[in-house]
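Reviewing the structure listed below.
Labels run A, B, C, D, E and F following the written order; every chain starts at residue 1.
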């Protein structure tokens, strides 16, 4: 695929494939039908209007459909819009796939899997290790593919695994500094804390909240699953209860969805590591888009703050200029 | 048993049996050992000091032990205290039982059971009915004996069942007024909403919080149990998820321990009925202790308010003057 | 009148009478004058543009005017709009009245009046009964016609009386369950609690807030009126003060407009019954508009929640399918 | 009267008259009866124990009784206590009166009355002036004698009038600076805003909250009285409603007891002037008790802050060293 | 200059000079370039569209440029818009200056300076006086020209000095009423409290926040400057610390930007006087724009309230009808 | 020194040296003078009463005095108390020093200093490095000796340096994981963030808040010092402002004392690292005192939570059992 949609300027022509994320119908003030399409590729999304839309159009151009478009980037009410000159659904022979249009984690799936495995291998407590292993096996595929959220942080393919692996790296270092930490417990909590999202979110490419996600949320879902898994594995020690508590409390307080606050050391650390990795992910991605001396756009999940990139950053070699493979060693 | 401990005035002699609720050791400023005992019967509790306590005393007089005491009610720092003249542990031949020293619901256990059964009998939705029946069977005995809490409301033997049965009565009436209500769902939610307390609290007579109660709380415990029960019964419809949601949301908001607020009509009503019955229980019991024209003591769980009993209540026949059996028809 | 305006789809033609709720003038970017009309009937409201509006038009088409319109329902910025082909003011001979265009309570006025009378007839405390009777007499007509609010709940003609009568029904049942309740006091509080709205709101058909409504609000207005009425009737017992307190405290806390929280049992219950009936009214009306398996729109006065209608509701006979006359027996 | 009770140090002998503010009975751990007396004069209050109290003692030494005491100031648990050597009730021939034992405003009643009259004389709006005059006439005596509160600020005899007169002085100056202010309205609001306290508090010497004070509070009481007074005087303009609004809103927000916030300029200023005078009263009285370089005790009604008196205050002539008659010119 | 831009009605022609406050480029849905200009004069601002804008236009018509425009006031989406017939940049010969297009304080700069000087002359404490004098000298020019804020209150040229001078007048009067106040300290606090805004805001005419303003804010900036100034002047007494505390605490609480609340009497008064003058400034300006019997628009910085101007204000001579020179005597 | 005071049980005899932390005088109910002494050594503190205290005693036994005591540990009102048999002030020949009676960081001062130096050595940005070096030089001695607080976390000698060094270790690891971090900036922020505490707290051994600490707090104190230092060093780049911002914002939000929240990436990380190290310090010290299966006492600065030590911790080698020198590698 060529240059992504977000890399185009106002006035640029566009020709290429895009994925329809949302499609809806409207009528102009003259009574003419049109369609509003939200189109995306791995770099971001743009709105487009399809004027004089036929009934056939509205059956063809639906969410999850890939389309080939020729058009031009214009500005409409302060935002870029894609003006469509021609549009057609992609065909098998085009050789394009939904996964091509989705943002991905900056670390390869294989590397994520390897690091997960390595962490489990380090664990010594048999009860904790067996439960974690069983979950990894049960959710092997989605765990490596799902995003960690629909927006805010790690909201890209493999985002959940990327988030877990980053958190494990922080945990390993904190354990060096504070050897009082029970590393096995912390690792287990990190690996399992957000797995409930696999049932809370509907899919990898266009994730929305499932009914269970809306009515229960990923935390109670996962508390239940841990209990069920332990019964299946016939594990009975206090480890099960403590693991359930870690998942239950990892949002830190009741207002944030944890009916109990962390009451075990490793639960408190899990909450803090989760905060750090989520915030660093948001901050680094937002700051990458601005130049030294500028502020980022407002970050909703960071209390709506805009962050400043100091001018003296200009003189520093930025990690994005380094080799990517060095990123998460 | 004779007149309860709370029916004595300062200066009255006391002779009778009491249950030790708490026992702790101390030393006077002269270096002499003594014990502080919290003693209770079904009417309430009182503090006592056992001076010059021997090692043997501190092994004999422990929590849950029934003792025979002769003494006198004195006042110490604005509160009544029981001055001990003589004390001995109760013996089998005394014919006293722990359950004699515990406050009980104003409705008999048999009547509570009957009403529970009648409600379940009314239910038509087979999935809901089967789950409820299975829980009633599983927890038959404790469900009829446990208090609903350690303090605040329905904090007496059979308090949980009393609370459920009162709520069912309100539900039945609201269903008459708002026939849109799904009665089966509401009944099921009422019966199950607090059953997690059987695992959250340690016992009927001197209930404290269990480790699972402290680290998870009764709400997640019960959400998990409903899922487990449904799997055992091989029930799979949306009823299971909705029931779990009702339990999860019955505290009304995140700050109060419900990670999701009520998002189903019957969940909202369940929350409101729970509020009404808890508040009426607290209010009626507090107002019974004051005369018309007076304020009650501050009620912690009612935002620390003192309630006023109007003077014109003096002219009304009070329900406590009516036959008790009429109470909860 | 034919099918209401809210029962039309995008693309449908429309011909019929509508009431102008609001009318305002504008100028297009070409400098041409137009009018924006908010039009309503008993089913809801819709916006319309009247292009090339003359001065005469802007004098004719004003709020509270009924008009006959031919046109078509189009979509404009995601919302339906009524495109006007022709418009004329209604004439006497058209036989249409403002009250035809206003939503009404689901219970007839006569029935509401009857139930109010019956409740007062049950009261035994002469002071409370005389005050209530005097208010019913003073406000006889508006009390039966006014809405209970401008939006959120019972915001239709006779909404106030409908709300009162529903609350009386709940009160009667709770009195059965908790005979400690002083029924006379609770009935009096229910009947009077919102009567201040007759001075807070400007009219039945297009209610807005009066100056007294904005600067004092219905609660202090009614506290004052009760005092005045008691002086007129030369009633002096504690009943007057307690009634004023019940009105004053019925919003439950200071943040919600009650300078004193409920401090009398019946004041607390009044607050709870008010909550239940308001919430059931909102919930039932919102859920009536969605199918099983769907969520309602967000309900602002319910903390902005969307409620879910379970799929198994599909199998239940809904009350709206039963005879309406059974509704509030 | 001699040197007040608060001017004594630990170890000083005491001989003089004191007023009993509270009296309660107790029993020592040896079972001997004693009484705890809270004794006060115009400088403050002290606790005393009357050991071996007889039944006669407990009938004689009751609240509001003046007693003659000989004793000594000792320290008990970090607080001064009056050790009683002898005690007898005051007799007519002692020539002491309850009002001698109460703290008074630093300005004479005559001067307060004069200033109130002068302010009313300045008013030009006849409706506002007539209402204010009528209230001054109705409450002439208590208005000049009552405290403004039971604690926190102006909690001394004539405190209410002192508070009003200070606020009028601020209002006069702000009117000079901001001539947009409607002086008549502001004066009327200031004079009436707290008059409801005459019904909220029980007495001048040992004020407690009345039942109406507890169930309604001074704000709704006064809103009602203004309405009643206006009807009696047959005054009907918007002035009545605005005055009621000013009283209703003078606590500034709902959480502080005003169901409506100030919505008229003079209501907003009234609230601010009330704040200033209350805070200056608290601050000046607390700072008078500390030396330069020290902090005051924590002031509960000032968000529990301790205030610092700078060392350079040592070099300033303090107003308390100036003639008192200059105080409130 | 002629009648200001805000004094025009929809439909009026306009011819005159305006200052460009903001300028941005856009593209129509037909792909044609246009510019959006925010234009202002001393009476307010209006939006305008410049259609078919050339590259030259976008280089010419930039912020801070004065332009001569012929056009007409039209209405666009409920707001007035200036339709441009012709536009050209102002030339030297036009004799217009940026300062002509900015709102100014209602008191002349000379008078403000005089009053500031008079206040400093009254001060007796040498340390306080020297520090204040040094700041006045250091910031002489901007102090007399800067606004006090970018919006809400005193947001006009010389607004900061106007705010200071009004506050000094209130302080002088409160000192008369409460002679305990240390007038020197209060004066010094008032004069310095907002001087940090000279570094927080970028300019007089189109003020925005500087980087130091965004990252530190005017309070810490000024705390630091006072310390620096004292070191330069070799002043060492407690006055320096207390002055820093007054600046630090003048927003009243942590949530409002003061890490310490006022802990010195004069700091508390400074906070209250600041509140009064800011609120009176907002209120008087908003109420000047409405007629008796109307409400103002919502005032964001007054908790979003709309204020009512009573009808009886119609009969009062308003200060704006008096001579302006009398305003701030 | 022998076994510390906190290692004694009720009933144990005590003989040894203790430091007087606080001393105050009282009078018994019999009028006899006594002294209350708070005595401490490095393990904790205990209260003692010195009966029949002479004037000489109260001049001898003052805060900061070391005393030699023989006595016995008794229990008084549920707390241990030291009953004094004999007491005398320490003499030079006793060879005891104040620093012997103070708790110390678990890492030696030399090691702390070395690690600080190493971190500064790593820095590359000259402006940041010079400022940090200058501060280290200016505060060399107190920086290595002061506690980080008077209570809650790192409240022991060298606590501040221990806190800084631990935070540097975390920073180094996070920089490995997130190379986007500007390590120099983060190091500088960590080293300087709490140095203001050297002026906020009065001493190492018995720290209390200084006047500047109470009226300004360590954050504004340090913001000012950084500005002053930069002027002295004639450093002018954006680094100064950013460093001031990092100190200003490191408490995270206004309510917690930071008038600006973190608006630079490294400021956000600094806040998070500060949280982690403070919490780990509190948690590890509290958990060290309880056995597996127990809860800690309530930790005030951790939202008053009690933390649980899981039973399976019993099987783990605890770090306190490892060599201490391994602790902070």
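Here, contacts are C-beta pairs under 8 Å (C-beta built on N, C-alpha and C of every residue); 3 or more make two chains touch, one makes a residue touch a chain.
Which chain is which protein? Per UniProt: A, B, C, D, E, F = 3'-5' exoribonuclease YhaM.
Remember, it's a predicted structure, so these values are computed and weren't measured experimentally.
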| item | value |
| --- | --- |
| Contact-graph distance - origin subunit A, target subunit D | 2 |
| Neighbouring chains common to subunit D and subunit F, by label | B, E |
| Whole-Å separation of chain centres (CA-atom averages), subunit B against subunit C | 41 |
| Intercentroid distance (Cα basis), subunit B paired with subunit A, Å | 46 |
| Between subunit B and subunit E, centroid-to-centroid distance (C-alpha), Å | 62 |
| Where subunit F touches two or more other chains, by residue | 211, 214-215, 238, 242, 263-264, 308 |
| Complete list of chain pairs which touch one another | A-B, A-C, A-E, A-F, B-C, B-D, B-F, C-D, C-E, D-E, D-F, E-F |
| Residue numbers on subunit D that touch subunit C, as the complex places them | 211-212, 214-217, 219-220, 223-224, 227-228, 231, 238, 241-242, 244-245, 248, 254-260, 263-264 |
| Partner subunit A, residues of subunit C touching it in the complex | 10-11, 72, 74-76, 78, 83, 295, 308 |
| Subunit C-touching residues of subunit A, taken from the complex the two chains share | 26-27, 29, 31, 211, 214-215 |
| Residue ranges of subunit C in contact with subunit B within the complex | 125, 127, 166, 169-170, 173-174, 176-180, 182, 185, 237-239, 242, 261-265, 268-269, 272, 275-276, 279-280, 283-284, 287-288, 295, 302-303, 305-313, 316, 318-320, 322, 326-329 |
